[in-house]
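Multiple structures are listed underneath, in structure tokens.
Next come two complexes, and both contain chain A; in the first it sits with chain B, in the second with chain C.
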Partner chain A sequence: MSVASASIQFFTRLLRYRTKCAVPFHAASRILISPYLPQVFGGNKVLLGTCAQPLRQSRQQMAHRQQSWGQICRDRLAETGSLRSEEKVTVYFINRDGRKITTSSAKGDSLLDLVVEQNLDIEGFGACEGTLACSTCHVILDQKVYNQLGPITDEENDMLDLAFGLTDTSRLGCQVCLSRDLEGITVRVPDGVNDMRRSDDAGPTL
Partner chain B sequence: MSTHKAALCKVQMLKLFLTSPRCVRITRFHGVCGLSTSTPASSPKVCIVGGGPAGFYTAQHLVKTRTDVQVDIYERLPVPFGLVRFGVAPDHPEVKNVINTFTQTAQHARCSFHGNVRVGKDVTVEELQEAYHAVVLSYGAEGNRTMGVPGEDLAGVYSAKDFVGWYNGLPRNRELRPDLSCETAVILGQGNVALDVARMLLSPVDILKKTDITQHALDALAESSVRRVLIVGRRGPLQVACTIKELREMVNLPGTRPEMEASEFEGIAETLKSLVRPRKRLTELLLKAAIETPGEEELEKRNRAERAWGFRFLRRPLEVLPSTDLIRAAGIRLAVNRLEGDGEGVRAVATGEVEDVECGLVISSIGYKSLPIDPAVPFDARKAIIPNTMGRVQQTAGLYCSGWVKRGPTGVIATTMNDSFDTARTLLQDIGKGTLDVSTVKPGSQGVSALLEKRGVKPVSFSDWEKIDSEETRRGETRGKPREKMLDVGEMLQVARA
Partner chain C sequence: MMRKTVTTKLLGSMRGFPSHRMNYAVNAVARELIKSRELEKDELRPLYMDFQATTPMDPRVLDAMLPYQVNYYGNPHSRTHAYGWESESAMEKARKQVADLIAADPREIVFTSGATESNNMSIKGVARFYKSKKKHVITTQTEHKCVLDSCRVLEAEGFDITYLPVKTNGLVDLQLLEETIRQDTSLVSVMTVNNEIGVRQPVEDIGRICRSRNVFFHTDAAQAVGKIPINVSDWKVDLMSISGHKIYGPKGVGALYVRRRPRVRMEPLQNGGGQERGLRSGTVPTPLAVGLGAACDIAQQELEYDHSRVSMLANRLVRKIMSEIPDVVMNGDPEQRYPGCINLSFAYVEGESLLMALKDVALSSGSACTSASLEPSYVLRAIGTDEDLAHSSIRFGIGRFSTEAEVDYTADKCIQQVKRLREMSPLWEMVQEGIDLKSIKWTQH
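And now, the complex of A and B:
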């Protein structure tokens, strides 16, 4: 193995590790941005999330707030001794236009992480970056998959209440953590990411 | 291969990666810059008025969808992000994550931010129309609805908009100095802004001091005597305008207990079954706080609580009652309503009864209101919006609107996001159909810059804002806060130009 390839391999792993573990919240900001970047800077997809100044600030801001579910997923995996698995889980996305996208992501990723990493073009998806402060990553699952996922927190339900086109099998993408059991699931992105928070003066809350 | 060498290389790369975020940003910047030079001179030039969420989301969709469009965002203040900075409560930092996306948009090669430019004063909308193929108005709602009752101008009466601006560092509200020496505060309106204000008044200072709340507000709140906040609405528990997240925050607020009138909830539990899920869950939470017997832990929390909050329903303000010296608010007179009709069409009707509530602080949170910006732009004074069809301003060509000025001051950032995408889509469709003529060459920001220079106006660029941003962050760090906002426009400009 040459020095270069060994280094590249290490570097890539390091980047992935950092993206996965250190900066879970900002993953989403990259979806909207990555199309702006020339492909030759493919690495930026990863780097952006870790380096831009405002991202670090919001991380500080968030420090005393709730963790993103992605992080919680990973913490759980860490407990079981597999912090970062290379094992992939295949997910079929049905996008707003009805097109089916076959994609895959590492075990432990949330569906929001997957959308970000795979650059799925779903504008506005995950506006709050997986912090349970909006419902823009609303997805609809099959009944069986929904049942498989187990109980939903009040906080997620609170946000789902505001989702456009809420169904009985709706979840927030940032809260669905990929595991081996979910291999081959189908995830439907409802048409419109409307946050239906209706109120007379709801005002500036996401 | 030498393992030592490889290891060394790894260490260097690690160092490079961990220590040089600048490097990446510069690389990216150059990368995109290279593309921008290939933009033809005749590319569509769009100008956006207002650097809040509506402006940034409109810009985002435009630059993302079309690879030749050039977007300039004009903002009155030297700092961007509008209500994300000046409206979102300091203890909702996760909502401010949208700033990351806005920052990426602003740093895009085909998007520029021009702060410190007052459209309608420094440059007219007509002049912008000359310089650009299209102008999108997304300047929001800077006014507020007034109660229109006697005593509204007494000391101790504030609009929620000003109060929010005060704790969030809006320059024009820095001198508000609300009097917090009374025990009871009454908030009129039961939306999320009302709950934000209630939470700010009642939150333990230990929580607030870790947020980006302005220091002057934090100091005032630390000295505050307010112990009880009543949140008054003209209709009933089934019509509260707040959302469940904000209600849950009240219910869980440390050091507080709910103080409700059980009688106001009569018959509510029976209606639960017929409610749709969001309203049902909201009402269940409300009932839990209001009338359910608390568990042991909750009971203990309530017994220890030194502060209280509660909703008061079916009340409409009639008059703010003055103190004996006629200077300050000492109470509020409320008309008692009853409900007529069913479901969404339910109306509040006065019963003729009145009730006086003693309070030294009255905050009206009954809604924001858009104001006209320029005589050249049509404005519907009754609805307080710019009359439009899907974002196209009526009776004009090349004028669009998005956000609150388009549909009124309701909803949340995500609502504005969709609405702004819609306006951007309309605009792009018009370019596609040819109804918006982009064939002529327009000067864009160059034309406007020349005008501004002649008038002595110096715009603030996005990189200038980044200087303000890092200075604010630095000041915040010394106090253990994410940032300490600058309150003075002069100071902002000084830092921006340093």
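And now, the complex of A and C:
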């Protein structure tokens, strides 16, 4: 794992921690994160050309997104009855190298939560932290599971359009919420990701 | 020259002759005669009556485009400077203008190089994306060549294609279509308005059938956009091809409507920088896109007026010709059609000879793509027109800039020439004597 992606994963983890605990944004972490904001939100449509925008604005926008995300998580947990469900759902991941990873996570978690919490070694997964601003948590499901999950929002579809190796049973991991019905599902990680952070390195527009 | 012409007239009027060699000779002579040449000095250009092939650019479109050809030259995908931003906003405005004309969302419009590319993208793209589960594509026999050829390519890749026959009026049999849809059908592609005979397919019904059977529906609307009112939601169309130069816009630009909900997924033909939602990589040509947008905007404003005017002129032409000469057949459904495209068959007259006789009017015997081959049009063959009649057909295209005087001149000239050619025709003579041509056994010398 390169230094850059390690540091990004560190900050993503940091952000996630904040979301979960609903702790006010710590001033120090803010300073640390701010240079990474354009990277973390590189794929965001709203924030395209982040470099030109005042940082404060993007930070506000992020805070807003995270608040609503926190709310969604709490709602999900409320649905399941308790604030922290003890019930575990088993998920099998098939990683890029073909290796099968057996893992489990609490009901109500998304596939992205699971990957982050269990610290699964999937390169470049979840760059935008589940804010529907990238396609890096793209996973491929079985037709049956795909049908079971029901309709997809336009926002998710927009991001899926940009995903690498899209199939007709593709979903974004951050939008798939684990429930009892999904016990034992198999999730395939596609061969590659379209990561805006990488194309940023490629230089100016063609 | 004179001798050659006479030979053609005589040979030409004897179409239906069973000898292939003779036919070949006729073709060779005709090809020689309609070979392209420059206009001589002081020679007037012919009247333009071929609006299905292409249309002149509306000056208002040119006005909108010019600044982007000269001053605003930024790459619309450059995000780091003002040159890029101004081009981008112009491109997005154009996208909205295109979307408004067909009642779509701007995010559903992808700029392409023209309807041919749009058709290729949608047919190959959708079929290939779903190929693991769905292997069947349905189209009709009267589609444009680029649709048929895309289907041929898919066939070579192992797809199963159904080329639906059409009824004698040129329309698709809806019941047959419904029966043809299978479990593994991924796409149905039927054009809105036919480019050769002008019939308008029952797109709303096809859309309804496709939606109920969970099949994507693509329509090539190059000849329909801006000429008849279009609402992609009412029609339940999932993909729609649009061309710039058929609606008084610039050549070399077109658009593809790709429905967002339910989402249509497709494999891009062109990969690269991920422009146009990754569906069509490559820098969007801002001036052309602006031109297409302006053309759509003008078309929307003028649609009603244009349509009634074109209908009036078309009626005038048809009535004049039909009242003066007998044995003229109008190809395609007389009701379900776009009035600006009139395809007439003049029995006992060879189409190419008539075209040559009408050399001061720019007309064509079918679509521009196939006019070089001198083969009878496959569209006319598909609607069951006799070989003889198919050879004697001419397409009259009327558009925004046609005038009454032009229509009258064309009609008069046409009447005069048809009469003249028929007088020369032995077939016409025989028919006048009451001989049934079908009963004649032609012998080969």
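Just so we're on the same page, the second predicted complex is superposed on the first by the 119 of 206 C-alpha atoms of A that agree within 3 Å, B and C clash if a C-alpha of one lies under 4 Å from a C-alpha of the other, contacts with A are read in each partner's own complex, and residues count from 1 in each chain.
Please note the rule applied: a residue touches a chain if its C-beta (ideal position, glycine included) is under 8 Å from a C-beta of that chain, and two chains touch if they have at least 3 such contacts.
Keep in mind it's a predicted model, so treat the numbers as computed, not measured.
Looking at the shared chain after the overlay, A:145 reaches neither chain B nor chain C.
More chain A residues lie in contact with B than with the other chain of the pair chain B and chain C. By the document's definition of touching, both partners, chain B and chain C, reach A:161.
Look at A:134: by the touch rule set out above, it reaches chain B but stays clear of chain C.
By the touch criterion defined above, A:124 lies against chain B but remains apart from chain C after alignment on the C-alpha atoms of chain A.
The contact surfaces that chain B and chain C form on chain A in the two complexes overlap at residues 48, 51-52, 154, 157-158, 161-162, 166, 194, 199, 204-206. Taken together, the chain A residues at the contact with chain C in this complex read 48-49, 51-52, 152, 154, 157-158, 161-162, 166-168, 194, 199, 204-206. Here chain B touches chain A in the complex through residues 1-2, 5-6, 9-10, 13-14, 17, 21, 24-25, 27-28, 31-32, 34-35, 57, 60-61, 63-64, 83-84, 87-89, 92-101, 103-105, 108-109, 189, 191-194, 196, 210-212, 241-246, 248, 277-278, 281-282, 365-368, 409-415, 417-418, 421, 466, 469-470, 473, 482-483, going by the rule given at the top.
In the complex of the two chains, the chain C residues touching chain A come out as 75, 77-80, 84, 107, 129-130, 132-133, 260-261, 263, 265, 272-274, 277-279, 283. The touching residues of chain A, when paired with chain B in their complex, are 1-3, 6-7, 10-11, 14-15, 18, 25-26, 28-29, 32-33, 35-38, 40-41, 44, 47-48, 50-55, 57-58, 60-62, 64-66, 123-124, 127-129, 131-136, 154-155, 157-159, 161-162, 166, 192-206.
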